[in-house]
Amino acid sequence: MKQLRRNFLKLSGGAGAMAAVAAAGLLKAGSAWAAPWNKGAFESKAVADAQKNLGATSLIESKDIIITAPDIAENGATVPVAVTSKIPNTQSISIIAENNPFPLAATFEIMAGGEGYVSTRIKMGKTSDVRAIVKADGKFYTATKEVKVTVGGCG
Amino acid sequence: MKKMRGIGLVVLSAVAFLAVAPPVMAQGDLSVGRKMLNEDNPGDLWVDIGKELFYQKRGPKKVSLEQCDFGMGPGNLPGAAARMPRYFADTDRVEDMESRLITCMTKLQGFDSNELMKKAISSPRSKGSDIEALALYVTSRSNGMKINVTLSHQKEYDAYKAGEYIFYRRNGQTDFGCVQCHGEPDKRIRLQDLLHMTVKAGAQEVASTWPAYRGAHYVVRTMQWRLNDCVWQMRLPDLKYGTDYSIALTTFLNHRGNDAVMQVPGFKR
Amino acid sequence: MADPMKIRATLQGDTADVRILMRHPMETGTRKTSSGVVPLHFIQSVIVQHNGKTVLDAQWSQAISQNPFLGVRVKGAKSGDKISVTWTDNKGDKRTDEVAVAAGS
Amino acid sequence: MKTTWIKLSVTAVVGLMIAGCATYPDRATTKQMAEKMVFDAFSASPEHMKRLEQDRSQQICSKIGDEKLSQAEAAEIVKLARASIKYPASGKLVGDWKNGDRLAHNGAGDHIRNGKEESRKENGALCQNCHALAPGEINVGNVGPSLTGYGKQRGNSEAIAKYTYEKIYNAWVYFPCSNMPRLGATEHLTPEQIVDVVAFLIDPQSPINK
């Protein structure tokens, strides 16, 4: 039921998306169902708005969230960031680069069978705190790590 | 766990940290990121692209590169790159990976060498050039093997010595030779580490990590690109592709890098 | 159209360590070239499935780096299990690739 | 005369090779081959090709491996460097530290790409590439010594200003064949730019001395 609704939302996302969905056979049983893209959160320019759009009205600081990232990024275009959440029943992990024009970089919904761990690479325009927001049992937890970004080359 | 009052607090503590942080501390702080990037290298995506190009029938003559001899006999790739540059009798010349590919793509497949060279170094953020992908694929077939650039033909000795001469030759607006940046340990241009190439370990890193994925360009680069960029920084004019100058420098460095274990693609900032 | 991914899935105990490399330009829509501004073009959704069951449903912005990497861990995996990954970008392009979980070393 | 000699030595080398005794070419042969490689390797206008030609000082300073500079060579370098130095028309060796700060952090100028010289209003002084500058700056190199607190340690006397000016104009006058580019002598920087960099280094108000 829920899946059907999601699929409907996806289909209503425009003719292009619809054609792609149909061509890819997304309607078949057992294929991948994607949650609708959180436009509000991703298009927020302020960190607070992005948080609100993620549904995180209050944040609890947690030492059970570990952000692995370099202290200094040699290349702001490829900053490796891994987030491990040891909080039981972790449902989602979001990564925010606070000084980016659009701070929210990614949201990972973790289903049963997934571990509270994601690793990816993000673009950072300048030195910034990288914030992880973890949703677990309906509550929102957070941790930050500063990543210094320098311009590369001798240009 | 305690409730956070807001972001202001975090920002404050970050400022406090900055104030007491020691001024320069590159190595330790950079190593976490380098390790993460090296473990999962997007350059790997180009190995398969290179493989496909290698076996595809291409060029005006519609043949694959399977008859290309990289020094171990036609089409025999394992270990071949680990022994290059080397002397090739058919061209009576010492060739590195890039120049050998051009030889084969010209002679076997009928491509125009000038056209190949024009496109050999791709634009940043592009899908990369055929030669970049091919060089990576052929070199990757030596992964896990030891670099073993031997000098036996007279032209190999000549290339080695000429490469050494060029390494130390100062010229241009900066008065630089290669050694001005690569002659001492633990040096950096701004934050970028400079390999110490006059010791074996530094030369070994050169010999075993190219072609490499260049993070800032999002494409695979070969040693020839590295040399082009170096001479650009030295304020020299445009270096032509696949010349004896590049081959000599590569012969000098790779021979001194012998016994390193080939592991490509490397990952470069 | 879309280029194949490179997926590694290795067993560590009963958890599969999954590492995915994708080839995608991840254009921010602000980059200028001689022929004008390159339009926004980025992967919006990545789904990771374990034997057909979704274990990770990711939403991305254009701030994920070009040629993206994603690392995840899947609990309760066995050697030979299927891990499949599907990405979809904002232009509707998509790509699915699948690997079998390899025994750990 | 000269070419005959080289031909002879090449023949000798080929002879050795046939006998199965290929070996390292001698110094003169190496130089001959390598110099040819250098001039064959670049495509550029005659004006840009000139950058590949070594002046006397560059030739002396291109020591291979562990070769050392002789006393006589060092003396010649110092003499050539001394002769190269020109002073600003104003006679003032300490300029505007703010402009010097800007120049010190500018790594551009004199690059050539696709046959074209970088179009810039002025060249940068390149300092940041190789030297630590103001306290706490991260994105700085260490090929050269740290310049943090340069003026604090040395003061800003006339003698220090003159030394600093000459050091930037042609570092080899004090350190023959050091790694530092001869920024004034190669005309990368103008005397007017150099006095601003001198101010950046020695002015007590400059961030480098804070």
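Labels A, B, C and D are assigned to the chains in the order they are written; within every chain, residues are numbered from 1.
Convention: a residue touches a chain if its C-beta (ideal position, glycine included) is under 8 Å from a C-beta of that chain, and two chains touch if they have at least 3 such contacts.
Treat the numbers as computed from the prediction; the structure is a model and nothing was measured.
When every chain is reduced to the mean of its CA atoms, the largest separation from subunit C belongs to D.
Here A-B and A-C were compared by C-beta pairs in contact; the pair with more is A-C. Computed centre separation for the pair subunit A/subunit B is 34 angstrom, with centres defined by C-alpha atoms. Rounded to whole angstrom, the centroid-to-centroid distance between subunit A and subunit C, based on C-alpha atoms, equals 14 Å. One inter-chain figure worth recording: subunit A and subunit D are separated by 49 Å, centre to centre, where each centre is the mean of the chain's CA atoms. With centres defined as mean CA coordinates, subunit C is found 27 Å away from subunit B. Each of the following residues of subunit C touches two or more other chains: 66, 69, 71.
Shared interface positions of subunit D, defined as residues touching 2 or more other chains, are 107, 129, 138-139. Counting partners per residue, subunit A has 72, 77-80, 82, 119, 121, 150, 154 as the residues that reach two or more other chains. Interface note: chains touch in the pairs A-B, A-C, A-D, B-C, B-D.
Taken together, the subunit D residues at the contact with subunit A in this complex read 107-108, 126, 129, 138-139.
Interface residues of subunit A facing subunit B in the complex, by the touch rule stated above, are 47-48, 58-64, 68-75, 77-80, 82, 98, 119, 121, 129, 141-142, 144, 146, 150, 152-154. On subunit D, the positions that touch subunit B within their shared complex are 13-14, 16-17, 22-25, 29-31, 33-34, 37-38, 40-45, 48-49, 51-54, 58, 61-65, 107, 110-115, 128-130, 132, 135-143, 148, 179-182, 186, 188.
If you check the complex, the residues on subunit A that touch subunit D are 72, 148, 150-151, 154-155. Of all the residues in subunit C, the ones that touch subunit B in their complex are 3-4, 6, 19, 21-23, 25, 31, 66-67, 69, 71.
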